[in-house]
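Notes for the one structure printed next.
As written, the chains take the letters A, B, C, D, E and F, and residue 1 is the first residue of each chain.
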């Protein structure tokens, strides 16, 4: 499957924290670095990921902020 | 300076493409991978970056989509 | 493939307009309605869509605004 | 009232789930399909919606991701 | 009309710049400060704003980044 | 530090509400008005802000919606 987004990294699920509606998933990027994603528990259930699973990390370029 | 965002990577400006209002900046992440950011030419001018400059790449976790 | 997003609609590409950096793609939803997506020409090329192609339309719930 | 956004659908509130800070509202689109929105409980209170209410669903085109 | 968003400011259109697909609108906030919005020319046409018009500026709280 | 974003306001932290994963921070803008930001408790801890602290409020122009 292909996506209309400039940023597509791969990594493994390192941790999943659950709130009442949302979850926060930490991804260990390959080969280094971490990223986190926040989304609904409903989507977490549908996505069906667990610690260690390989996932794609997708970010639209308009949502990336540069600082210097 | 500190930011209220989970995703903070560092990299170097690899390429800058300019449109009429917006620009697209490609960042080579340290140590591997690339990310791209789209923002206004006005902000590019204020930011004052050029090829080779070190920059911070900031993404709020709510803007990160996971796929599996 | 599965996504960590609440909003996943399907439709057909109805029109593609190109700017200098970005494109605007209009989708005819099944069975009714239209949605539009703006993203980079680079991603359009990678995505490889043309008029009439079936696509998935993905929106994170945090990016949906309600008004009444 | 008019909005500077390409995506404006209409629907009815089908369900409201509340967390500690945020809520998740499910909308049944007219004539088919569902969408969900996540926003603060403070905004939910101001918006004053309940199950069955007609609402507008607004999404900026830059926040729409296509996949194929 | 009411919105499911925490940030609702008012101001006047100070400038409109047009690209090929998108426009950039500068708003003078009441009583001080400026904000800018980028959206499609199609939405600009629908919105029908011109310099001096009073507009509402809406931003979801999840899209606001704090720095210190 | 400089940012690739059109909207950069300053203000003081007026209130911090905490959920299980996220927090909601209310900012009193200088000289008038308020804005709110929602982000993770992890980022709140890193940012290290408390009531009365001066902060920068950053919003990319693509995340600003106009209504009339």
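By our rule, contacts are C-beta pairs under 8 Å (C-beta built on N, C-alpha and C of every residue); 3 or more make two chains touch, one makes a residue touch a chain.
Please read all numbers here as calculations on a predicted model, not as lab measurements.
Looking at subunit A and subunit F, the chains in contact with each of them are B, D.
If you take subunit A and subunit C together, the chains in touch with both are B, D.
When the CA atoms of subunit C are superposed on those of subunit D, the rotation angle is 180 degrees to the nearest 5. Per-chain Cα centroids separate subunit E from subunit F by 18 Å. Averaging Cα coordinates per chain places subunit D and subunit F 23 Å apart. Taken residue by residue, subunit B touches two or more other chains at 1-6, 19-20, 22, 24-25, 36-40, 42, 47-48, 58, 60-63, 65-68, whereas all remaining positions touch fewer.
Chain pairs that touch, as defined above: A-B, A-C, A-D, A-F, B-C, B-E, B-F, C-D, C-E, D-E, D-F, E-F. Partner subunit F is touched in their complex by these residues of subunit B: 1-6, 25, 37-40, 42-44, 46-48, 60-62.
Interface of subunit B with subunit C (complex): residues 17-20, 22-24, 36, 38, 62-63, 65-68.
Interface residues of subunit B facing subunit A in the complex, by the touch rule stated above, are 1, 3, 5-7, 9, 24-25, 27, 29, 31-33, 35-39, 47-49, 53-68.
Within the complex formed with subunit C, the residues of subunit E that make contact are 1-5, 19-22, 40, 42, 58, 60, 62.
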